[in-house]
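What follows is a group of structures, each given as structure tokens.
In the two complexes that follow, chain A is the common piece, with chain B as its partner first and chain C second.
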Partner chain A sequence: MRRVLLSLTAAAIVAVAGWVLWERARAPVATPIADFSAPFVFGRFSVPPDNPLTEESFILGRHLFYDPMLSGNNEVSCATCHVQALAFTDGRAKSPTLSGGELDFSSMSLANLLWGQERFFWDGRAASLEEQALLPIQHPDEMGQNLDNLIAELQASGIYRKMFRRAYGSVSAENTAKALATFMRMLISSESKYDKYLRGEVRLTAQEEHGRKLFMAHPDTKVSLRGGNCIDCHSQFLTSGFRDALDGFSNNGLDPDEALPPGLMAVTGNPAHKGFFKVPTLRNIAVTAPYMHDGRFETLEDVMDHYNDGIVVSDTLSPLILEADNAPDNGQGTVGLRMTPEEMQAIIAFLHTLTDEAFLTNPNFSDPFHGDT
Partner chain B sequence: MKFSYIAQSILIGTGLALMGMSPALAQNREESQGMVLLRGLPTLDTSHSIAIVELDPESDRFGEILSEVEQPDMEHPLHHLYYSPNGRLYSTGLDPSCSLAEIGLSRDSSGAPVISGITCLDTQGQMVGEDIMWATSNGQEYMFVTFMGGVGGDDGGTVGVFDPQTNEIVKVIEARKSQVGEGEPYIMYPHGISAFEDRMVVTSTVHPDLTTGVGNMLTIIDLNTLEPIENIVVEKEKPLNFPSSPVEVLFVRPTMHPEIEPAILANTMFGFETWKVPYDADSKSFGEAEVIYSGVANETAVPLEFYGSEDELFISHALPGVVKRYELAALPELVSSGPDIVADPGAHHMIFFTSASGRDLIAIQNNLLNLGNSADEDPTDVDFIADLNAHTISVHDLETGERIATIDFKERYNKGVDNVEGLFGSGFVHHH
Partner chain C sequence: MRQLLGFMAVLIVITVGWLALGPRQNSSTSVKLTFHAVMGGEPLVYDQFVYSNPGGEGTFRIRDFRFYLSNLSLRGGDDTFAEPDSYHLLRFDNADKTHSISLTDVPLRTVETVRFLIGVDPEANSSIEARGDLDPNSQMAWNWEVGYKFVVFEGGLQIGEDVTPLVYHVGFSENAREVVFTLPPDILADGGEEVHLNVDVGGLFEGTTQINMEALSSVKFNRVDAEALANNYSTMIAPAF
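And then the complex of A and B:
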């Protein structure tokens, strides 16, 4: 009997050892994202050939996104400034620094990053999501992490070693960036009221429909066409920007020349880009206050007031904004859309149709270290 | 009808956003991809389908079917594709079991477009769907569809009014010649459709069996009441000794170009003519109809479609297979803007796009009536004029008309090609 037990035990040990060796030796697994489907009307997207969308990379990226291990003090994760319920913003005008101060910019909303843009951050300083992913981690005021230290910490974790092995084969900074990029690419929002309207599933209210038409129209007093002029800059409002590298950056009249921050010019060196900032997605805009790159406007009403009567003229102000005026003969000495309060409220009502509650509560995008997901 | 700004944003804007890509991605430009309705040819044992085809001759994949889904099992195929202002894709159909359908589109994990399904819609018995347009009645937008067979009968024909959100039928506009009083306006075999302000026009083409009856007039519908209010006869020469059979119609209007005086243009399939009917928007009255193009005099036959660019109007003539081009600003007069674009017999629908290198192109689908070819002993052939079924798409330089390349669908896929539409919509004035 004892011999039998010893034999069985030995066999079990050999089996486990074999499995462990096989698990460690085998190539990464590349399981396609199950039931992947994206709206046709969002347009074509492309994924880097060396970082395809897979279940394994998404799972790894989700864990990394929510893990404070990524910061130098092990207290700050990506999710600290990118809260799902706030469409992955943080509700602050400017996110806090590690030392208690404020960063230069507001936390950007994350949604539908699969589409469009080739430049990331408000000032376009990153040329890919993979490049973007590592910059906050290393920034001394944001997460303050040394990449070598981070890789050592991840390497020391058996769970992460396994997830990295399955997703990419090994733990590395490059693969950390790839996994975070995959998680962010999979943050697809397509269940807002407006999405359902486009699919014919719901109707807009009269006010929302009025706002939709104003949103889409450039004002033309010659033909009595009133417009909010929004689409001129926000044509990619359902996704996250333009494919062309420098399209989708604009000076929207926030500051005079003497106070205009560099913006995109800091990246390109081109003075014509001074004060240019990324035109953000408007998806979930109702939950991403405060607004603008520096969070200067607390409400959508404040934003509408700015475009209606508060445009500050500077050398690089968008001509699309400068010439958009519903009452150019009023001679008020200001630059703006000059819409009625009812029209502004209609646009705001339309903007609320872009809120995607399913996205904001999707358990697949939530913190994997908490709850039952 | 031009696409609304939102449709341009959704459809064309996303396509244009693809410009300026790296050479590697140039092969994936969607702007040059077309949606086609393919017809199974009985003698070649193929089935009806809808497909996405690469139409850029500069692409290594030129002529390749990128995605294809079989149509529902039915005798007659889907007929004509239209994008709604919100970017939903519809098709009319010739088979009574599916006279109107919505086509699902999505994207796979590579970003490639995928035809995800075909849903036949309830038309309440209306058959043989032809053209679709979205127009407003009393401030409410509707989807209007012409059904050449109507709900049946020798003088059938209806215009279906659908809720554009739910696809549910709101009203069937019907006025049979045999049932309205003498001299009262009627609708019969409606096909082409167009509108300006509160006036809509539909044509009276031919009974779907092609033998029972042929029309020769236009019907004006009051969009305030959704009732027919006037018939206008468009018939002069009868080269085939048939009634004129007006087919596609375009209500030219100032929104197409500020210099345009409103008028109806109508092509007569069997009269070979293009007609003009002036319209006075102030009095809401139509002037005398007159022929402004004679196919007999110009040795062309079976004029079909109207398409427009920013500065030109294009009219296809199935025989000998040419597309004529005119100054848009000169409408409603037809002032030539260049030599004919020589396509193939059956020249019919067209789309406009640019090649990967930025060359402006026009792709012309050459086939009429979804029918087969008697030379193949195809039982669906109705050879009433002969040789209108080239089953090709020819691609031409838009500026010079030079043919750059041709896809022969019958030779390559054993199928006919019945319709072409841009993957993101044509982005041009289309029919209406």
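And then the complex of A and C:
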């Protein structure tokens, strides 16, 4: 009896050892994300062929996103300025720099990055999420990390070596970028009231529906059509900037020519792009205050006031914004939509239907180093 | 055995005959249509006040010009080839101010007639399905209740120091316009497979109705204005042989 038990144990040990060796030796086979589905109305998207969406890459990316090891002083992670409860913004006009100052731009929300404009940052300087991911890490004011040092630190961690091996085979800066890109691509928000409305599951209130109609209309006084003109820059389903070429960038009348920052012009060199910034998604917009690339507006009411009568004319201002006016007569020195207070409130009510509580609290997107998941 | 040999012989004869006399499998054609955006016969210039208001005072600049071309079909002899999912967004913001549509493996020996719509057919115009270059989340979508803009022209009109925004968005299913032209018989001979077409952007404002941009600086949802521009753009494309 004892003999049998002994041989069984020995066999089990051999089997386990063999399995461990096999597991270590074989090339990593990452698992495609199986239950991935996207709302039909979001339309086409593409994932780089050399970085398919896999479970292993997502897990690695999620850990990297929340790990302060990615910064030079080991105190700042991506999540420092991209907080899930705030739709991955930080609630500040401009994010703090490492030296105690503030950055030039407001932290951008990270949601539905698979769709819409495929250039990233407010000025579009990154042409892919893979390219984007490494820039804040190395920026001296943001995370101040040297990539070689980062790779050495990750190599020294058995847990990261294992996660990298499973996802990509080896620890490298390129694979770090790929994993972060996968995590960001999977931050999908599609459970807002608006999504449920589009799927026919709920009805909007009368005020929200009024706001939706205004959102989706360019005003035309000639046919008595009133509109908030939002859709001229924010696509109807995604509510983000447009995907095609550089259509997802615009000058929305914030500054006069003398004070107009370069924006997209810094990337393209085209003076017609001066003052153009990325049109952000409006998904979860109610929780991502303050607003605009420099966070100059504290509330959605401030934003509506800007579009209603606060447009500042400059040479590259969108003609769609300059032309859009709900009043037939000429304005008295102001440029804007000239809607009624009720219409502005209706649009704000509609914008609140874009809040997705399931996204803001999805445990799969949360900090893996804390909590239950 | 004999029977089998006989059967095989018949089979061979049929096969050889089919290859020699039957419809040629390799008789497909490649066609490339290259559209050149022009103003006054010259390549389009963006973002500069260099063009005269066709029907009035001032000079204008063009910030954006693009349009949908759909339902492209080619005819040669008695055969017609209709491109599947044929929805092309033509935009010209590139160095050459051109846009090319390449059709490969067109199952026609020759191409005599080219036919397409400027705009989108009614069925696709009332759908939110993304096909070809149709994208309901794009700049060309008005919204799902109204459909697509067919032709977009945006810019500014300068009179003295004042700049007026120009916004011409023409859509609605009734404003799709068919364009048909016949190719000269030798245009696709000897491997020459590229057909050049001029898109006269100024044609949007001239033709049946001459537009004074100062008086009509925008066209969006007014059906009468939209139809006037549609009648104008129906003749803006012409082959350049």
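Definition applied: the second predicted complex is superposed on the first by the 341 of 373 C-alpha atoms of A that agree within 3 Å, B and C clash if a C-alpha of one lies under 4 Å from a C-alpha of the other, contacts with A are read in each partner's own complex, and residues count from 1 in each chain.
In this text, contacts are C-beta pairs under 8 Å (C-beta built on N, C-alpha and C of every residue); 3 or more make two chains touch, one makes a residue touch a chain.
Values in this document were obtained by computation on a predicted structure and should not be read as measured data.
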- request: Evaluate whether chain B and chain C can sit on chain A together after superposition, giving fit or clash.
  value: clash
Query: Where does A:F45 make contact in the superposed view: on chain B (first), on chain C (second), on both, or on neither?
result: first
Message: Under the stated touch criterion, which partner chain does A:I33 make contact with: chain B (first), chain C (second), both, or neither?
response: first
Message: Just to be sure I read the superposition right, which of the two partners does A:Q236 touch: chain B = first, chain C = second, or both, or neither?
response: both
Query: Regarding the shared-chain residue A:G200, is it in contact with chain B (first), chain C (second), both, or neither?
result: first
Task: Pick one for A:G116: touches chain B only (first), chain C only (second), both, or neither.
output: both
Message: Tell me the contact category for A:A217 with respect to chain B and chain C: first, second, both or neither.
response: both
Message: Which partner chains sit in contact with A:E301 here, chain B, chain C, both or neither? Use first/second/both/neither.
response: neither
- request: Could you say whether A:D309 touches chain B, chain C, both of them, or neither, answering first, second, both or neither?
  value: neither
- line: chain A positions within both the chain B interface and the chain C interface are 41-44, 116, 216-217, 231, 235-236, 238, 242-244, 247
- request: Could you pull out which chain A residues touch chain C in their complex?
  value: 41-44, 115-116, 216-218, 220, 222-223, 225, 231-232, 235-238, 240, 242-245, 247, 271-272, 319-320, 322-323
- request: Using the touch definition up top, name the residues of chain C that touch chain A in the complex.
  value: 46-47, 63, 89, 91, 93, 128, 130, 135-139, 141-145, 154-156, 165-167, 169, 217-218, 220-222, 225
Sites on chain B touched by chain A in the complex: 4-6, 9-11, 13-15, 17-21, 25, 28, 30, 86-88, 105-113, 116, 164-167
Message: Which stretch or stretches of chain A touch chain B in the complex?
response: 32-33, 36-47, 52-53, 114, 116, 197-203, 212, 216-217, 231, 235-236, 238, 242-244, 247
